[in-house]
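Order of writing sets the labels: A, B, C, D, E and F. Residues in every chain begin at 1.
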Amino acid sequence: MARSVQITRVYHFSAAHQLASAKLSSADNAALYGACHRPHGHNYYLEVTVAGMPDAHTGMAVDLEALDRHVQRTVLDQVDHATLEDAPALAGVITTGESLARAFWRTLAPGLPTGRLLRITVVETAKNRFEYRGEA
Amino acid sequence: MARSVQITRVYHFSAAHQLASAKLSSADNAALYGACHRPHGHNYYLEVTVAGMPDAHTGMAVDLEALDRHVQRTVLDQVDHATLEDAPALAGVITTGESLARAFWRTLAPGLPTGRLLRITVVETAKNRFEYRGEA
Amino acid sequence: MARSVQITRVYHFSAAHQLASAKLSSADNAALYGACHRPHGHNYYLEVTVAGMPDAHTGMAVDLEALDRHVQRTVLDQVDHATLEDAPALAGVITTGESLARAFWRTLAPGLPTGRLLRITVVETAKNRFEYRGEA
Amino acid sequence: MARSVQITRVYHFSAAHQLASAKLSSADNAALYGACHRPHGHNYYLEVTVAGMPDAHTGMAVDLEALDRHVQRTVLDQVDHATLEDAPALAGVITTGESLARAFWRTLAPGLPTGRLLRITVVETAKNRFEYRGEA
Amino acid sequence: MARSVQITRVYHFSAAHQLASAKLSSADNAALYGACHRPHGHNYYLEVTVAGMPDAHTGMAVDLEALDRHVQRTVLDQVDHATLEDAPALAGVITTGESLARAFWRTLAPGLPTGRLLRITVVETAKNRFEYRGEA
Amino acid sequence: MARSVQITRVYHFSAAHQLASAKLSSADNAALYGACHRPHGHNYYLEVTVAGMPDAHTGMAVDLEALDRHVQRTVLDQVDHATLEDAPALAGVITTGESLARAFWRTLAPGLPTGRLLRITVVETAKNRFEYRGEA
């Protein structure tokens, strides 16, 4: 039996961020997060992986334009050329890569217009990648 | 118990292609596929992932030269510096990334000379990757 | 004395092409251009390098939005998701990388809305780059 | 129920190596390993993937500094700017990519200070990647 | 006669920034800089190119460790995991890529411990590079 | 007047090497070269830039196949999957990146079958590039 195909679409945004816990003092935040407690920023790549069966008539498994619009509207419009801590979709989220991956899943999964969401990958730098595969 | 190792080998080919369904008019194809209905092309990367147990005497799990020859003969010789729609291995295939990944699996799996085929990845552009993990 | 700054902006297009001289037979074209005489395609990168002096008030040396619009209108609209041989800007051009670089210079230089054109780079594959620095 | 997040950290080392089996003659080694039997070297990337649940208070799932120290001490200190065959952690290992991936797993798994080890990837060149997901 | 060799060393830093002129109102800044007037950030690459003659005895043209220390102390310590507008080396600089390249030249040139400074390149994103070749 | 076009062709080789001066003791070599005095290796990229005028009939400025054969025969055959210190073309050369760039120029310039040699670039790692532009 044929299995579905996985499509990974790569998006980009440039954002400022700052790791800080509202429950900690500034000194404790600096001790916990080190240099990441200072405001800084990244060229993030957001990779969205969805699964679908190629349609026999069109050869396409997902509607990439619909996916692009969904990601643009629910995520990129809030985080590109912005401060992550100001994005409504990230309210209450400490913006570590691992928490971003989970938050973006929770933002993108509801109302996903095409395919089945398999994996969210946040590429923070060339040395750090964070993947989330959703609720069990 | 030791598990097998996964080896991913990356191949490259430059090809022209054009998304079109034989069942649709030219106008309907243009509406469905947008700019991709026009002839264009890509530098494709084909990633072939196979699994095998490292041999205790040689340290090798697969015979990469045999794999290279198989991929060259069954896929690259047909698609490199070619039009995808002309490749016999892709007869009847609408050459979306998702359908290419599945078609390359079906071409490469029979007669694979080494290892166990795990995954075919087609990298169409820096923004689009397509993976197929085979028949269930 | 301060010198100008060089800004390189990277654009992308996916195109089909085919090397062929109108003056040669099909056999002679195949002998001359080898595999490149067959229709195939690439993910091209077009790098446009312009020079300008940073403005003391804005810190900007060129108007990147104006540059983007100029490149989009005069080049990308003709070559992205297209066959290079069909582009009006490339009429009569054999679409080798070296000839593309020179043709894009000649297309982009007139009416350049910002900065001074220094260099056009065409990246055909990860192994081939072609640069043109203009008429003397 | 929330699932864990996978964090991939990318490390780099430059090393010399030479494929050779102690049980074979020099001629047989040359026949088996080809050019790889000659001393040569690579810029290796070692990707370590660990899983963890983001902490509700810190947003962090693993302690990346502790992971860095563990990888540095048990692997990188032995293999960076070194000959792989001289590394104590690789004693008796024929240094193919597949055997390196398994050997690094066996070196890193014991005493891992943070997270749960999911995958070791050895990137030998832009064309070859080797993954090991551990003992069953 | 032998010429000197050019050595390019690539450094990385992650920083927040925001384009704004102190002489403009917030509305005028937004009109002038668009999305770049909002706080955001990048993974910057700073490429420092110096020239030197390889020493006949050591084969080395520059002292890369001395260069690293100079760049670390005068630039990276101020801009990595920081807000560019807060860096003393960038006081009064509107942090466009072109102005950063010139400002880093002016910071690095005095006291350069090795080689002759030829070029500063600031890579802001995969689409934008800025080069400065110094005072005439 | 039209200027020539610059073509950059990228070659790859994997090699072992070790920085050492024959005039120094082992301890002095270790002090001078640090970790680079130990045998290690790299995935090197050799970029060869040549200039030529596009031919009006063929659109080609250089014969890339002839260039490939020349580079293969005079350089790659000696250094790929080899130890740099053993290559005849590098006899007496301390194999720093800067000295390699100059040595490869001196090897490639005589008998160059096509174009005019403009620049040799040796990419040692993602952090280090070395360029030589030849004898004055």
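Just so we're on the same page, a residue touches a chain if its C-beta (ideal position, glycine included) is under 8 Å from a C-beta of that chain, and two chains touch if they have at least 3 such contacts.
Quantities reported herein were computed from a predicted structural model and do not represent experimental measurements.
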Shared interface partners, meaning chains that touch chain C and chain E: F
Neighbouring chains common to chain B and chain F, by label: C, D
Duplicate of the C-E contact set - from B-D, B-C or D-F, the pair where over half of the pairs recur: B-D
Interface numbering overlap (same over half, different under half) for chain A and chain D: different
Rotational angle, Cα trace of chain C fitted to chain F, multiple of 5°: 120
CA centroid of chain B to CA centroid of chain E, Å: 42
Euclidean distance of C-alpha centroids - chain A vs chain E, Å: 30
Residues of chain B touching at least two other chains: 126
Touch relationships between chains, expressed as pairs: A-B, A-D, A-E, B-C, B-D, C-E, C-F, D-F, E-F
Residues of chain B defined as touching chain C within the complex: 12, 14-17, 35-36, 38-43, 80-83, 125-126
Residues of chain A defined as touching chain B within the complex: 1-3, 5-10, 52, 54, 57-62, 64-65
Interfacial residue positions of chain D with respect to chain B in the complex: 19, 21, 23, 32, 34, 93-99, 101-102, 126-136
